[in-house]
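Both complexes shown next keep chain A, but they swap its partner, so chain B is in the first and chain C is in the second.
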Partner chain A sequence: MGFFKRQLPMIIVSVVGFLMIVSYFSPAPFLQGMFTGANEWVQIIANFALVIGVFSLMRAHYIKIKRKEAGYGYSIVMYICLIFMTFVGLALERNIKSGGVFMWMFKWVNTPLTMTTFSLLAFYIASAAYRAFRARTFDATVMLVGALILMIGRVPLGAMLSDFVHQQITVTQIIPGLPEMAGWLLSVPAMAARRAIFLGLAVGIVATSLRILFGIERTYMGGGD
Partner chain B sequence: MNIWERILQIDRRYIFLLIGISGAIPIIMSFSLPTFVTPEVRGVYNAIDALPEGAMVLVSFDYEPSAMPEMDPMAKAILRHIFGRGLKVVGVTLIPYGTGIGEELFVAMEREFNLKQGVDYDFLGYKPGYQAVVLGLGQDLKGSFPKNFYEQDTRTVPILKDINSLRDFDYMMWLHDDAYGGYGWIIYGRQNYGIDIGSGCTAILATGMYPFLQAEQVTGIVGGLKGAAEYEKLMGYTGSARLGMVAQSSIHVMIIGLILLGNIAFILSKRKPKKEPSG
Partner chain C sequence: MSGKTHSGKCGFFAVSLTVFLCIAMATVGIGQPGELVLPAEFKAIDTPHDAGKSILLVWSRSPSEETRADKGLEYVIYEATSPEGPFKVEEKAIVGLEDTLCSDAPALFGFSPRHKNFRFVEISQVDEETEEVRQHWYRLGIRDETVTEPVMLDTIVTAKARMNYFMSHRWNTLLVLLLMAGLVLVCIEWAKKHPDLFIRKIPGIDAVDEAIGRATEMGKPIMYLTGYSDIDSIATIASINILAHVAKKVAQYDSRLIVPNKWAVTMTLTQEVVKQAYINAGRPDAYNADDIFFIAGEQFSYVAAVDGMMVREKPATNFFLGSFAAESLLLAETGFSIGALQIAGTDSTYQIPFFVTACDYCLIGEELYAASAYLSREPRLLGNLKGQDITKIILTILILLGSVLMSLHVFYPEQHWLQAIKHFFAAL
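Up next, the complex of A and B:
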């Protein structure tokens, strides 16, 4: 039984994984056909993952309602919405188009609700910025100055302010304007940091993938070893 | 507790009120501010402008309704540019929400430019799998999407007659509020199938797109409401992005003012009071 539970899945993962790597770089028709087939499989499995996701959500909220946990009323609302939208999408409107009930619900219920929730962030960010952006240390001061330049340099007011100062005090023309400073911050230090993160991520993905292919990393099979 | 310490511990509801007022006043008073076009936005505009009439453009609507205030003005400006130049569009999305967003935009453009679905544009809809979908589109578009969003057989849709893979598109506009599928459009779409990509993304994501711009993996970046306002300026009209930028400028100034006030209060509250002379 140990073979079917441990070794066989590992062999399948290693063989398929290495074949996928080879087929990605090889123009051989046989390998290309296999690559296309595997990709179709991934898309089909992704559809099943969606279904599993819905059932998992329903189960989690069912438990919440059954136990009458705090805020279980929201779980009931979730069930009503899920059933209603599924009914509209599958039974009422086989072909979802603009002007129908499904799109009406999307446009006038879902969209305003999510937009409102997201826009509340502006208020909380302002409050958090007021309390967090303090020049306590040298590092914090550098971040504070950078944030201020970006905030003013990325809006038209920053360009207007820079132009005004450059016109009024000619000697300041040797200093770049606020939009140029903001642009430099984005395209040099911020990009360098971002690129380092991307490279780190890529190396990490390659390392983890190789560990899985060689059977060193086995946590995906469960059991934690 | 002195006045500076009180300022430091100001109730956050006052901050909410100030932000609300600073956002509302410019909209009510209808102020206007000049818009300056950056090279990143011009990169997308020029790429679309250089396409010959009838060229095929793929547009991926990969953003959620929460990002619509930022993304919709941008999407409209870009689609107006594309349809205004007589280019053909095929829409797709890697996220479920993208279907509603794409459909609404196409319907709006259909009315504005008197377009015909299937001839001037088509919408493939959504399919789960992120990178797998990008690879599928690159290998066999009609096999990957046997039916479009309108339940029509993609083999019979006139606009898709000569489109079999991502390689058959002249340009792609990626409208996104996240890196769905780990930048699959760039990693596979650009690198494997050679499609030129323009990025239209939320402001928060724009920073992350700069490495791709420098590596010429995207032709340009239209970042957030600011990018949308710049695109509107290039298109020669004032839409909701340019109007919204006034409110955004005002809120930015208010936040800067609050941060400066907080720092002044922080420094002054740390000062020790002068000792009274003894005796």
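Up next, the complex of A and C:
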């Protein structure tokens, strides 16, 4: 039993993983075919798993309704929507098209709801920025100054302000304008930091992959420590 | 007298007209295809490191490119199924003067100062109807807007498309991969003999115990999110590895763990991992599969559901570990608003500033991948971490060296070996 639960999945992961690496270095049709096939398998497995996921969702909301937990009314709404969309999609409209009820619901109910959630980000950014840019420490002050230059420098107002100051006070012409400063901040210090993180990430990804392929890391299989 | 004068005038007019026409024709080039100079060299070669489905046609640049570039000069490839012809124009094989220099494709031709004098085009040898690879013969023509028919080169070329089993232009990647794999294996062996390896402190991971303890004391649950990506992302796998350790601690502390999932495959995996962690902690009875569930594959539906759950359940601790996109701040700010202690880590550089701002601890970059080894303290995993660090040092040295050599290339542009080094780093 241990073999089927531990060793066999490990062997499958290692063999398939190494073949995937080899397929990166070889254009041989059987390897490329296997690579494409493996990706298709992922899609197929994901679709089967979706059925399990939907049942999990239904069960979680059923429990909420049964126990009358806080906000269980939303669970009823979820059930109504799930049943309605499934009925429309499977029974009423076998071929889903743009003028139908299914797509209408998707376009005029689902999309505005998701966009509403997304638009909350603007307010959250403002509140997070307020906290981050309070100049309490030297680091926070540097960040605040950098952010101000960047925000003003990336809009037309920044260029207008810089031009105005350069024209009025000639000596300031030796100082770059706000757009140039913003561009420098993005392309030099910010880019350097991002590339350093990218390098660490790339090495981390390869090291983690090697751990998995060599069977050193088995935690993701439920193996524990 | 007058007739003589008349004929003299006519003669002068005729000569003037002829001279004018000659100048005009020479300028415009009408009817003078001979002025288009044909390439001196034209050859066909197999496309390196492909699956034997195409060939490359390579020819030297015509001197007319210098004089007639503004007249829409282009090369025309003619194809035939036999050397005898008939040759017909391939629609895809009309080659302009942009982006077709051999020097622009070092992956195919390597580095040589000669390559900037040659152009190329890749031609598929696969029959569209039968999908079989068939050999073809080619001729090269040259034309511009001043001629009606292209001027043809007599040379007929062909090449056989061969299967290449190794993509030779990726040798540098293979080299680094083998180097890293070797280092990792050596370091693992070394770590087995020297288990007390020094690993620098990672505050975000050190805070895991504190975060779980806090939730236990407050009698509130812990929420763990594995991120936006499915199980095919390494960041998600790294997150699930950390989840196993967190779940074990949660089981030991007798607290409650909630894991809402965006993907069904991730859900099944997290259920299995958490269940095993509870068994390992000796608390299989405390495991509740209903706390690990699927929400929605759609990004903002997932966010809305998780945010709602946070507001209702008020978890004492939130873990955001994995790949995150636009939802990062929506989740982290909601968690902040309910006063949860938050530990985040992501491989998305765009989301790191949001997590740094809104969370108490943030794992930056490779710390996410190191967390599992850091938590387990298992010598083999720590050895892997050391191998990773050494590789990073080697890569940093190589980058510094590459930067110096590239700077030297500015002063010594004729040194093409410097350019070859640039290619090595660019293709890495």
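As a convention for this text, the second predicted complex is superposed on the first by the 211 of 225 C-alpha atoms of A that agree within 3 Å, B and C clash if a C-alpha of one lies under 4 Å from a C-alpha of the other, contacts with A are read in each partner's own complex, and residues count from 1 in each chain.
One rule holds in what follows: a residue touches a chain if its C-beta (ideal position, glycine included) is under 8 Å from a C-beta of that chain, and two chains touch if they have at least 3 such contacts.
Nothing here was measured: the structure is a model prediction, and the numbers come from that model.
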**Message:** Under the stated touch criterion, which partner chain does A:S127 make contact with: chain B (first), chain C (second), both, or neither?
**Reply:** both
**Request:** Based on the superposed arrangement, let me know which partner A:G73 touches: chain B (first), chain C (second), both, or neither?
**Result:** neither
**Message:** Contact-wise, after the overlay, does A:G200 reach chain B, chain C, both or neither (first, second, both, neither)?
**Reply:** second
**Asked** Between chain B (first) and chain C (second), which does A:T114 come into contact with in this model arrangement: first, second, both, or neither?
**Response** both
**Prompt:** Touch check for A:T36: first (chain B), second (chain C), both, or neither?
**Reply:** first
**Prompt:** Of the two partner chains, chain B (first) and chain C (second), which one does A:P189 touch, if any: first, second, both, or neither?
**Reply:** neither
**Message:** Per the contact definition in the header, classify A:L210: touching chain B only (first), chain C only (second), both, or neither.
**Reply:** second
**Prompt:** Between chain B (first) and chain C (second), which does A:R154 come into contact with in this model arrangement: first, second, both, or neither?
**Reply:** first
**Asked** Which residues would you name on chain A as touching chain B in one complex and chain C in the other?
**Response** 42, 46, 49-50, 110, 114-115, 117-118, 125, 127, 129, 131, 194, 198
**Asked** Can you name the residues of chain A that touch chain B in the complex?
**Response** 35-36, 39-40, 42-43, 46-47, 49-50, 94-98, 103, 106-107, 110-111, 114-115, 117-119, 122-123, 125-127, 129-131, 133-136, 144, 147-148, 151-152, 154-157, 159-160, 179, 183, 186-187, 190-191, 194-195, 198
**Item:** Contacting residues of chain B [partner chain A, same complex]
**Value:** 10, 12, 15-16, 18-20, 23, 33-36, 38, 64-69, 99-100, 103-104, 107, 127-130, 132-133, 135-136, 139-140, 143-144, 149-151, 203, 206-208, 210-211, 214, 226, 245-246, 248-249, 251-256, 258-259, 261-263, 266-267
**Asked** Can you name the residues of chain C that touch chain A in the complex?
**Response** 49-51, 163-167, 170, 173-174, 177, 180-181, 184-185, 188, 230, 232, 234, 237-238, 240-241, 244-245, 248, 261, 263-265, 267-269, 272-273, 275-277, 279-280, 290, 293-301, 303-304, 308, 312, 326, 329-330, 332-333, 347, 349, 352, 354, 356-358, 364-366, 368-370, 372, 376, 378, 380-381, 384-385, 387-388, 391-392, 395-396, 399
**Message:** Considering only the defined contacts, which chain A positions touch chain C in the complex?
**Reply:** 21, 24-29, 32, 42, 45-46, 49-54, 56-57, 59-60, 63, 70-71, 74, 110, 113-115, 117-118, 120-121, 124-125, 127-129, 131-132, 194, 196-201, 203-212, 214, 216-217, 219-225
